[in-house]
Structures are given as structure tokens and as C-alpha cells.
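Okay, here's the structure, questions in a sec.
Should a chain be cited, it is by its letter among A, B, C, D and E, assigned in written order, with residues numbered from 1 in that chain.
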Amino acid sequence: MNTYFNIKKKLEHFSIDIEYEFEKGVLVIQGESGAGKTTILNCISGLQTPDEGRIAFEDTMVFDKEAGINVPTRLRNIGYVFQNYALFPNMTVQQNIVYGIKNRPEYKDKDKKSELVMYSEYIMETFGIAHLKRKYPNHISGGEKQRVALSRAIVTKPRLLLLDEPFSALDQQTKEIVYKEFAAFKENFQIPTVLITHDAMESEMFADRRIVIKDGKIIEKLL
Amino acid sequence: GKPEKPPAAEGPTDESVEINISAAASLTDALTEIQAEYAKESNAVLQFNFAASGTLQKQIQEGAPCDLFISASKAHMDALQDAGLIVADSRRDLLGNALTLIAAAEKADAVTPEALTGGDVTSISIGTPESVPAGKYAQEALENMGIWDQIQDKLILAKDVRQVLEYVDTGNVDCGLVYKSDALLLKTGVVIGDLPEDSHSPIIYPSALIVNSAQAEAAAKFYEFLQTDYAKGVFENYGFTVL
Amino acid sequence: MWSPIILSLKIATIATVFSFALGVFFAYIINKKKMPGKNIWETILILPMILPPSVMGYLLLIAFGKRGLIGGFLLEHFGIQIVFTWMGAVIAACIVSLPLMYQNVKAALVSMDPIYEKAAQTLGSSEWKIFRTVTFPLAWPGIISGIVLAFARAIGEFGATLMIAGNIPGKTQTIPTAIYFAVESGNTQLANRLVLIMTIFSFVLILGLNTWLKRINYIGKQG
Amino acid sequence: MWSPIILSLKIATIATVFSFALGVFFAYIINKKKMPGKNIWETILILPMILPPSVMGYLLLIAFGKRGLIGGFLLEHFGIQIVFTWMGAVIAACIVSLPLMYQNVKAALVSMDPIYEKAAQTLGSSEWKIFRTVTFPLAWPGIISGIVLAFARAIGEFGATLMIAGNIPGKTQTIPTAIYFAVESGNTQLANRLVLIMTIFSFVLILGLNTWLKRINYIGKQG
Amino acid sequence: MNTYFNIKKKLEHFSIDIEYEFEKGVLVIQGESGAGKTTILNCISGLQTPDEGRIAFEDTMVFDKEAGINVPTRLRNIGYVFQNYALFPNMTVQQNIVYGIKNRPEYKDKDKKSELVMYSEYIMETFGIAHLKRKYPNHISGGEKQRVALSRAIVTKPRLLLLDEPFSALDQQTKEIVYKEFAAFKENFQIPTVLITHDAMESEMFADRRIVIKDGKIIEKLL
């Protein structure tokens, strides 16, 4: 059950050229600002298309340039926390969080679905955003937005998690809480995760694997 | 003309039937008054469609439902006759009209047929001859009076007779030539007088029944009613002459 | 006096509903799906605004008349007659108001940040669901603006309507036609009354849609 | 045949310039400055779309005619006559196209994120500079859409123009007027030629503005 | 030459009620996510209006509820790095950065102005964003945006700097560079600064004063 990506993509000032495979757990990507981290997540999610390469989730190919495979983003079953959150401005916090639940065919089942809705309630509670349920994203603070974005991505328990600096706007105290919950989540559901972070401590805490990239290439593989 | 079909099998006339009548817009008021009277005599429901004669002609050509057509110009009726769309022997010259000189209030004393070439009259409005029947007659009259070329610079061509009335009523032109029936609608403008009948070819409102009419019999009955003394009286009240 | 008012409202409302659906549909497929020949499609859509209404009316008369391609087909197979019925007026009003819907929705789509649609993709939404839940609500101000203009144009439509629907009192006579002929026959009082009623209508329409627009206040309250 | 074409272009262009300036101005002060009586102003602005062109033309004739408030004033003090000149046609075209400019710009302003204007304030920009450098460029897609519609309406304007400017060949005869009279007098060939020319114009217009729009590609390429 | 603020403002879940005065240097505000930090900066900048209180920069009053003073944002001469950057999407990186330079009356002088433009070049160089000069904000990475936002705020050398987590999206290496430059800036220009950060090290490094707020109230004054 491996996650594999081999991505080649020309950018303006350099090219992404990267290959990596990991079985489970959290892969931390580190790298300087502008190194290509977000671009890699975009390619894995299908929002950007590599010029060449292959991407596989749990050994099923979702992108293969040569074979002409390109599974659309919506069928890749991922959870993505965008660097700028991208919360739907027309939906309340709660609507944002439960938005994806109904989309997964495996949760068509009513019981399954209400289980997830209950989970979303639990997450909002533990993340300290339950009191914001009915507010719109433009009416909450930066750190609150970030927690909503994280909740939205994990609540559907996707096949792969892509997290682009998901804790950066949180104060130390709030971080502790979210870290704890995320650690429990990682433990319980064993979802392969790609985490971008600049924080040494986070990397320490969550990384099962760690790579450092620069100008689109892996310059260091740690762990 | 082309061969005509025999009148369609009649519907029971005591039942309420619908007759579609396409009539020149200038007849709106007169026909509406007649409609009220006719309702007392017949169960037939009169569906009038009022528009410019050119529009009516196109609609009939494209197969719009119509049993009786009253046109404001000979040309439009001729076109339908050539296309074999009217019952040829039902065609009549139903009404006539006169051409009237009207003037803006402040020019009431200055405007006469003779003064049109003079310095006191700076603008004259008529319907566009190519498309407005009244304009065509006005051109003829001005030509016959021998002043058509002299007044070219003063001419303001209007889209329809209504527009001529509005120009005169608002004082934006000094005078205009319209049908007598239309001149009755002036608000501030004044009627100077009719041009001589022989200054232009006769103004005629031809009428005819349409072939393939769904209600030929009922339509024919109403058509007869339009030629009664009562109807003639109404038309005369609205400024038309009855031929 | 009431019959043209009711008829006008009915015609304008139905026409607006159709031009709304068509306008949104065309704006979406032409601008989001990158249809080839975009400029040609847009030219065709805009033509009914540029051509004089009487020409539009004549073209409609030819197409929908008894001998017309569409009109003949409808009459023969369904016994439906378009010319001289309120349906003719609906078609005329719909076609002349379509460019307004189209352009407004297009502007809204073009200036929309695509990140929200991308986020919805990562959450597994189908294209149709994304359209319903994200694209459409975010385009709402542009759509409202299109509705206002389309309705205004539809209720004010005159030239083309007169040609295809005729001016049959009680059957196809709309307010603008009634005004035209009231003016024509010197009935200034009736004309003034009808103009006043049109003015009141548009006031109510604008009031209603502005209120609606204001309730969508999730945009623009950012700190 | 060329004179109405050149005249139409001239009139439509000038009218579009004016309705552009007025439309942007009104949209800005009514929607950004929160003018009181907003709904009433909008109703007045939209009326020229709702009223039949002949009624609009009549109102203009009354206002700008020799005895009219404005027309009388201009004639007396400046010796300028509006009725039966191309200036009358410009005024008619401008007034009927203003609602289109207004509504389109309004929609763009309403859906704009105010954070950019706030950022410009912190950088010391005057209101006018903010308008020029931030608000206006960000509203550009809506403004383009308004220009397309306003120009289309202006070049297609017929009823009101005919009333106030008359149909004086070489002086005030525009394409739609020429088409109308060509159709009325059965000159189908001329009518067809003019319709074709209108179609080509609108194609060129749409092509040009779409190209322009595409160059403003700073929006929507977000990762 | 004191900076003073006394801000009372009712929010949905609690009220801001805070008073502080500092002479120069950097005031660090810490506090949990949602504690009201951004709201305080917005009030100081004039983008939000306190319900009550007074705000003074260098002993001149910019807001005094009782005296009815409310200097508009654009005249407060501040530099503000927004939490979400708020870069103008219609301007290139360079245009964003030099945007404010022309606005300050004290820089009307041509020499002064070109000095600032040179300074902007220098800043772009040291911040490592010079190669992005001609790119639009939607085409650069998260950390790059943050550095552009910081450059834009400091390049005009304002009277007061408001920085809302200005380093949060940077990797360790880039941070070091920016820290160093910012420390030099602080040293050279002695501009009073309010810095919001969740990073203990940053606080350590830059804070001359430090307060911790919770639910809108100061719960700790350090240094």
C-alpha cells in the first residue's frame, strides 16, 4: 500500500524534478520559500498537471503521463489544507466542514454519514471553533480559519492528506491542542500524509519520513 | 390571382367564434367603438391585431392567423393579392382620408400652403415616403404644388404619422402634413386645413377577406357590418371619409 | 387596463426565467469549459441587442411562423402555434434579454477566484455540485445584476414582440404595446398611467433584489 | 451606404464613452459611498430600459426640444440645437445604454473584496487614487462587460434616436434607422448588407474586448 | 514621542478593552487565536473604529471618541502587513512595493523619492524577491507573498508599523535573512512597531515590550 510520486514540471525559474515513495505515516517536506513545495502538493492533488511522471496512491495509479492516466482531483479522495485556506466564503464554518462528507460514495450509507457528522462536531469542539459554527469565513480570525480548513480536510478521512503549513497561524497554546488531536487522528486512521512545515518541532513530532527540497530537487532525505 | 379555396366549412355561428382582424393602427379607436356595438348583434369575438400596415402584411405572409385585413395603403394590399392570400372579389376600398396641413401653436398664423417656401417656415415634417403611406401622399402633393425641390432642406422625415404630430405638438417643427383622421389628435398644434383632393392620388384604405380563413362566414358577416350606415358614421366621426 | 399588465408580468417573468437558465448555461460552458469559437458564440449571443427590434421580430416571424422551420415543426407535430400567442412574446423577450444575462454572468465568472472551485474538487464534489454550491453562489451579485437587466429588457420589449405576437388586446397586448397604441390614439391619460405602473414595477423589482443581495453579506466584511 | 455606418460608429462610440463615465461614476457613489435613496436612484437609472423607446424618445423630445427645459436653455444661451442633430442621437443612445453600464459596474463593485482598498488606504492613497489604481482595475471584467452591452445597445438604438434625431440621410440617419426604412420599403438587399455589417462590427468589438480581457490575467492563476 | 492606545470595542463573543502606551521600539502582542490581536491592529490603523477610547501616535491624537477626532487611515502614515498579505492582484511585485512611495507628502521631493525607490530595490534584493519583480501576486508562493507584503509596508518608512505575523510563512533559513534585515531596519529608523507573533524566538529577539492578551484584555505585561 504505497504512495509514490515522480513529478517533473517546468516552472519559470527552475524545474521540479522529484521522486519519492513511502508506505504510510507522515512525510514532511521542508524547503526554502519558493522551493516548490506547494507546487508538489498541487501536482499530487491533481490541481496542477506535471509535465511528466507518475503518481500512485495505495498502489493505484492516479497519474501516468505515458499511460495517459489522469484521475480528476475529485476522484482522488484527498484532504487538502491550502496554504491560504480557501474556505468557501458563501458557507458558514459548519457548512464548510461538512461539505465533503456527502461526496464520498463510501459514505452514502446513512449511518456512516451521521457518524462523520458527529465526528465533525467533535472536531469543532476540540479545535475550539464550535462557537463559530454559524459564522462566515470572512468574519473569523486567521488562526480560526486555519483550524476550520484543517477540520474540513480531515473530517472525511480521505485516502491521502496534503497539509500546507496547517499550524502556522496558531499560537503555542492552541497549537498544543491541535497537535494532540492531529496525533490521535494520525494514530487512529493511519492515513498517509504529506505535511509541509517550517517548524522544526512539528517536523520532529510528526515526521515518519522527511525530505528537504531546494529549487524543486530533493537535496536531503532524512529518516 | 391564384386559385382560391372554397370558404371553409362553417362553425355554428350561434356559438362564440373568434374572428381575427388585422387592421391599420390608425383605425384603433374607430374599430374599438364599432366592436362594442357589434357585440350586441353577434356572439362572435373580435380579435383585433393593430399595427402598421407593413407589419400586418408581413405577419399575414408568414401565416399569422387572420380572417380580415384592413390596410392603410394600397401597396400592402396589392402585395398580398399578388401572393394570392386575399379573396380577390372581397376587396373593397373601405375608407378614404384627406391630407391635412398642421402647424405648431406659435406658427399658427404664419403657415399656409403657399408660405411653405417662404422664410417664416423653417421646417416641415412628413412621414418617410418610402415607408409611411401618408408621407408618400405628402410627397405627391408637394410635387404637384411644384415646391418639392424648394423645400428639401426643410424636410424632417418621420417614422410614422404619430411622430409628425409629436414634432408639431412640441414645436420642434413649424408644420407637418398628416391624415385628417390623425390631425384630430393634436394637443397644442393647430389644423390649418386640408390640401386639395386633387393634389395627390386618392387616399384609400383597402380591405379584404383572407383565404384559408378559419372563420370565413363570421368574418364576412362582420365585414358587411363595417359597411353599414352605423359603422360609416363612426368612421366619419374619427375623420375618415367613407367611399 | 389590467390585462396588459398581468400579461406583461407573466411574459417578462417566464422570459427572465428562461434567459436566466440559458444565460448561466452559456456563460458557464463558454467561459469555464473554454469552448472553441468563443468569440463567435458571443457575437451570436449579442446580436439580438444590436439588431433593430423590428429586424429581430422579422427573423423570429420567419423562424416561428407557420411556414418557418421551427414554427412549422411545432404546428405539425404538436399543434402548437407560436405566432400571435403569448408564447411568441415570451420567445421574443427571452431572446432580446439573453445577451444581458450572458454578459453579466460571464463577468462574474471571469473575475471569480478559482481557488474555491479547486477546494471543492479536492473535497470530491462533482462538477455539477461545484457549480450549484460554489460557482453559482459566488457569481450571485453578477447574476442578480443580469436578472434586473433581463427583466427590465423583457418587460420593456416592444418591437420584436409586436411583430411575432401581434397586438391583440387581452391576448397578446403587453404594457409597452398598450402604451404605444395609447400614445398613438392620443390617450395620454392611459399612457401616463401605464408608464407609472412600469416605474412602480421596476422600483419593486430593484428593491427586492437589492434586499436579497444585501442578505448575501458574507463577502466584504473581512478585517 | 457608408454615411449611416460612419455616423452610427461615431454616435455609438461617443455615447459609450459618456455612459461609461456616468455608469462608473454612479455605480461608485451609489454603492461605495452608500448614498441614501439607493433604490430610488437605481430605479431612475433602469427606467430607460423598461420604458418603450418611443416613450423615452418623447420624453427626450420634451426635455431637449426647442421649448424644453434643457433644449430651450441650450438654444437660447449657446445657440446649440439638439433635436434633429447627431448630438440628439448621442444623448438618446447614452441614456438607453447607461443602465447597462451601471448594473455591470455595480455587480463588480459589490463582489469585490474590500481588503485591497483597505491596504491602499494604509499606504496613504487618496480616495481618487484608490479608485484609479485599485477599484477600477479590479472591477475591469465587469466594466468590459458593461462596455460590450452599452456599445451594442447604443449602436442598435433606434426608437428614441429616431424620435429626437430624426431620420435625415447623411445627417442623422444611423444604421438601425437605415435598416428600418430599407426593410419597410422592401429594399431587402440593402437591409441584408447593413445587418451583415452590424454583425461584423459586433464580432470585432467582442474579439477586441475579449483579447483585452485576457491580457488582464493576474486573476485566477492561483496555485 | 509616545504611542498610546486605549481601545474599547464590543465583538460578538467578548469585548476588546485595552490600554497601553510605549515610547519607542517594538511592542509584541501575543495571545491565543481569536483573542483580538488583529482587531487591535485594525483599530490602530483606522480600518475598524473602536466604540470608545483614544489613539495617539507620537503624541498627536488620531482617534478620540469624545473629542470627535478620527483621522482617516490614509493620513495616519502607517505601514501594515496584513495577516493575509492583501497584495494588489492587479500590480506586479515591484508595483506593489513602490505603490505607497508617491503618496507621502514628505517624499514629494524627487531626490527623497528616488532614494526610496533605490531602497525598495535593495529590500527586494536582500529579501530574495528581486527575481519576482515583474510577477503578479497570484503567481508567487506563500512565503514570497509575505516578503512582498513586508517590503511594501516598510519601504515608505512610516510613522508606525503594524505587523500581523509577518514571518509565519517563512522557512528557517529565509527567516534568518529577513530577521537580520528587519533588525537593521529597526535600529536605523527607530519606527515604533506593533508586532503580532506566536513565535517565542521572534518575541525574544525583537520585543522591547511584550503584552499577552486574552479575550480582548491584557492578561500579562512583560518587559
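Just a few scattered comments:
Going forward, contacts are C-beta pairs under 8 Å (C-beta built on N, C-alpha and C of every residue); 3 or more make two chains touch, one makes a residue touch a chain.
The structure displayed is predicted, hence computed values, not measured ones.
Averaging Cα atoms per chain gives one point for each, and the point farthest from that of chain A is the centre of B.
Highest inter-chain contact count (C-beta pairs) belongs to C-D. Chain centres were defined as the mean of their Cα atoms; on that basis the chain farthest from chain E turns out to be B. Annotation: 49 Å between the Cα-based centres of chain C and chain E.
Our note on geometry: chain B versus chain E, Cα centroid distance of 79 Å, whole angstroms. The distance from the centre of chain C to the centre of chain D, each centre being the mean of the chain's C-alpha atoms, comes to 19 Å.
We define each chain's centre as the mean of its Cα atoms; on that basis chain D and chain E are separated by 43 Å.
Counting partner chains per residue, chain A shows two or more touched chains at residues 38, 47, 84, 141. The multi-chain contact residues of chain D, meaning those touching 2 or more other chains, are 58, 115, 138, 140, 180, 219-220, 222-223. Within the complex, the chain C residues that touch chain D are 38-40, 42-43, 46-47, 49-55, 58, 99-100, 103-104, 106-108, 110-115, 138, 140-142, 144-145, 148-149, 152-153, 155-156, 158-159, 176, 179-180, 183, 191, 195, 198-199, 201-203, 206-207, 210, 213, 219-220, 222. Considering their complex, residues 115-116, 118-126, 129, 133-134, 137-138, 140, 216, 218-223 of chain D touch chain E. On the chain A side of its complex with chain C, the touching residues are 45-47, 72-80, 82, 84, 86-91, 99-100, 103-104, 136-139, 141, 152-153, 156. Residues 54, 58, 61-62, 65-68, 71, 81, 83-84, 162-163, 166-169, 171-172, 181, 183-186, 188 of chain C are the ones touching chain B in the complex. Chain A contributes residues 12-13, 30-35, 37-38, 83-84, 128, 131, 135, 140-144, 146-147, 164-165, 168-175, 198, 200 to its touches with chain E in the complex.
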